[in-house]
Amino acid sequence: MARHKRLVVPGRFQPPHMGHVKLIEYALELADEVIVVIGSAQESHTLENPLTAGERFHLLSLLLNEELKAWKERVYLVPVMDIQMNAVWVQYLKMLLPPFEGVVSGNPLVRILFEEMGYVAYKPPMFKRSLCSGRKIRAMILEGKSEWRDCLPKRLLEELDRIGFAERLKRLSETDEVG
Amino acid sequence: MARHKRLVVPGRFQPPHMGHVKLIEYALELADEVIVVIGSAQESHTLENPLTAGERFHLLSLLLNEELKAWKERVYLVPVMDIQMNAVWVQYLKMLLPPFEGVVSGNPLVRILFEEMGYVAYKPPMFKRSLCSGRKIRAMILEGKSEWRDCLPKRLLEELDRIGFAERLKRLSETDEVG
Amino acid sequence: MARHKRLVVPGRFQPPHMGHVKLIEYALELADEVIVVIGSAQESHTLENPLTAGERFHLLSLLLNEELKAWKERVYLVPVMDIQMNAVWVQYLKMLLPPFEGVVSGNPLVRILFEEMGYVAYKPPMFKRSLCSGRKIRAMILEGKSEWRDCLPKRLLEELDRIGFAERLKRLSETDEVG
Amino acid sequence: MARHKRLVVPGRFQPPHMGHVKLIEYALELADEVIVVIGSAQESHTLENPLTAGERFHLLSLLLNEELKAWKERVYLVPVMDIQMNAVWVQYLKMLLPPFEGVVSGNPLVRILFEEMGYVAYKPPMFKRSLCSGRKIRAMILEGKSEWRDCLPKRLLEELDRIGFAERLKRLSETDEVG
Amino acid sequence: MARHKRLVVPGRFQPPHMGHVKLIEYALELADEVIVVIGSAQESHTLENPLTAGERFHLLSLLLNEELKAWKERVYLVPVMDIQMNAVWVQYLKMLLPPFEGVVSGNPLVRILFEEMGYVAYKPPMFKRSLCSGRKIRAMILEGKSEWRDCLPKRLLEELDRIGFAERLKRLSETDEVG
Amino acid sequence: MARHKRLVVPGRFQPPHMGHVKLIEYALELADEVIVVIGSAQESHTLENPLTAGERFHLLSLLLNEELKAWKERVYLVPVMDIQMNAVWVQYLKMLLPPFEGVVSGNPLVRILFEEMGYVAYKPPMFKRSLCSGRKIRAMILEGKSEWRDCLPKRLLEELDRIGFAERLKRLSETDEVG
């Protein structure tokens, strides 16, 4: 298997969960360093994107503190706003980030865009995604279920409770207008 | 009940109707002055947002001329374009508007965003919204119903007819592309 | 029938097909010159807009090379990004394009916007659109059907195969996230 | 002299001063109503544009309270962000504002843009501008002079002192970087 | 000397002049087809950029009609707005334009950006630029000189007079504010 | 002296130099963690901003590797694009970054904007800035001087040579147009 200097791992992290730890660990097997791109950084306070990029940044670093030893030596966290031009997105990342050699992503669009720019694109294995995904966690909260709490370590659950994540999501679900 | 110097009342006003008059009257009980924010000011000519901000500004002032005595002494009308970053929206309003102390809105998102910035947020009573809402008025027009006309004073109906509101909405409903 | 110096023909061309040739031929009966606006030029790599504006530009010129003699004498191809303000869009086109007298479009929104600015707006006849439309072509590809290939000349099918159009669309259909 | 229903008076109001009162009075001789556009509304905290649009809105209403009787009956204050496309600016104003028939402005660019769109454009007389202009007021403050204070009524000077206008300008003059 | 399928020739064309004809002729020696990018397409009505992109498009086609036989067979004119991110600009052009192999430009920044993306960049010979350049033509008009008229064919001078180019420039020079 | 959890240190880093190391060291005396904001991240390839944000990110991490032991434990590097609304900038940073308590900056504008939002703002001591500043380094390179090389450790000089920093700056100085 190829060994890289640096790979990109983009995600929305709404919210961060154990699947993301697995994903970053997988990328760290492929590369010395990993740049975690916290995408759609301009979005927050919607049902699809409840958390700000800053909150996601903070939660992700708490999660990695718990689950990934000495992560700061090898992982960068970088919030990145959408550019609304898919054909330019990878070049935009190249403008913003230190040199990278490819991407690790479960999203076909991301892999297509990197491949078309001549980068390598890895599809990660699934890590029982059926349970832990941002989409499912948000849906379960709105349905009043609690199984999603198994997807996060205790420290992160505490922080989500402290910032009122579930409550924000429920309040937002009462509307579909922006004012 | 608290008395304020100035409160914000955001809305889309597609189109303005009697519910909006009630809303502004309610805000004027809470504050000396009210800043009515005509939101999503960049939008027009769609099924969700048929009118331009300028048309809404004009219709709203006609409506208030009819229904709210001496409104100009205490009410400002201000068109505001979306900023596409919810977490920054209230600060953006603070940049654009004279000093305000809080908001009156039926939209939970709006109230959350103001509260997180340390402002007071009032939820107005319902004013029989079940009948008069922009969404319902637009839907009734497309279904060929006319009960919505009870939601507006005669003067405003005339103006909506003059600018061809119902006809624009019907023509727009024939498409979903932007060209 | 009125004779014009120059008319605009906006479209998304996802992908270009024989219906577009008919549309441009129709416009060329009405005007000496036609400006084909390749709209939503910032969009690509989505199910609604799989091709970049540059790819559409290239495919459209190949299509016209095949089907419309000496087209370069009378047709301009111009990619145009969306401005996200419908009420300003026609003035924005006026800023970007050489002088024009009106539009030819099957899209009611486009015709409304041109008419409100005082331009003439022609609705083209239907050219058996029921079969050949971008929407239908994209849907058939995703359903594994091949009848859409009758909507394009052989030269264009080859080029679409060369750039991997159908494959891109299928890969994109596996996701709905942007990374 | 022509009589209008509504005219636009654009300005930057950095800060508002007696010259602006004269300008608005002049426009009110020409029209029943005047829309004062507080332009470059996105700008603040620079040497050219020290005040936010909200501060300018607030100061302008204090100034008019002092100097122009019953101004609220006939004057609208509307903050408007720049659109960065001169050829589209007047159409953009048309999108945002109630119907207007022309402009009053000492700025040739503004008059050109309105005239090209078919509006009437009035050039106001000079009102001893040699003394009272935003540019001169800002320059005098930086040079430590105080004659500019004659350009404003006492009430406005107090408010400028309260928000620390002169101090902000002096602090900003120590830098030319944005961070 | 290398032979190319298609090259890009960017410029601002404020206004188009004989130097541009020489530049395009030079590019046509190097490539079968040339894409003339009318840059900074959002700019107009300033001293640096007096003409709209549409006016420049129109004037350029008149100029080529006069001076370059059968130019439409091999030259595309494409207005392109600035993207405000130099590091992404060439990829943005790639998104908008049919496939190209390189650039011809007297501007070092343009050549650097293309070279960094792996394209070939040609520096054109000078064509007595000392006399005919947009900058010099605009300066001479403001100084009341007329030697610049030798830089344009008669047909183009007529059109510049018709649209009031010199007059617009002079009126704009009376101000430095945007309203 | 107050002790903080996290402070922001914004800069442009064109290029990074020893003054920046001192600045970050100073901030690390005041806070457990420091978020270094690489500002104006959209800018590159100009005389004021020759390097991309990605290059600055990379150079800064090399510099800190040389000069600041175990920096990754306590320092985050985050590229941030300008928002063009000073009054909203700090809230925009709050949206993007993990929670912070204030700023360290030599730029008065930055300190004003943080203070107005209720944050603490520290002015760092000068560190012989008279010699090492981005502005002076860029100016010396263009004047053909070499004293600036004392402002950087050997490892960083090598990297600047490798990416052709001085050469890029010199080539850019031959022009002032963007194409």
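We just call them A, B, C, D, E and F in the order they show up, numbering each chain from 1.
Here, contacts are C-beta pairs under 8 Å (C-beta built on N, C-alpha and C of every residue); 3 or more make two chains touch, one makes a residue touch a chain.
Remember, it's a predicted structure, so these values are computed and weren't measured experimentally.
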item: Those chains which touch subunit F and also touch subunit D; value: B, E
item: Same vs different contact residues, subunit A with subunit B, by half of numbers used; value: different
item: Fitted rotation between subunit D and its twin subunit E in degrees, CA, nearest 5; value: 120
item: Centroid distance [mean C-alpha coordinates] between subunit C and subunit A, Å; value: 36
item: Centroid distance [mean C-alpha coordinates] between subunit D and subunit A, Å; value: 46
item: Shared-contact residues (touching 2 or more other chains) in subunit F; value: 42, 44, 52, 85, 87, 94-95
item: Pairwise touch network: line, ring, star, complete, or other; value: other
item: Touching pairs - complete list by chain label; value: A-B, A-C, A-E, A-F, B-C, B-D, B-F, C-D, C-E, D-E, D-F, E-F
item: Contact footprint of subunit C on subunit D as seen in their complex; value: 85, 87-88, 91-92, 94-95
item: Subunit A to subunit F touching residues, read off their complex; value: 41-42, 44, 52-54, 57-58, 61, 72-73, 76-79, 81, 94-99
item: Complex interface listing, subunit A residues touching subunit C; value: 10-12, 37, 39-40, 82, 84-87, 89, 105, 107-110, 112-113
item: Sites on subunit F touched by subunit E in the complex; value: 42-46, 52, 168, 171-172, 174-175, 177-179
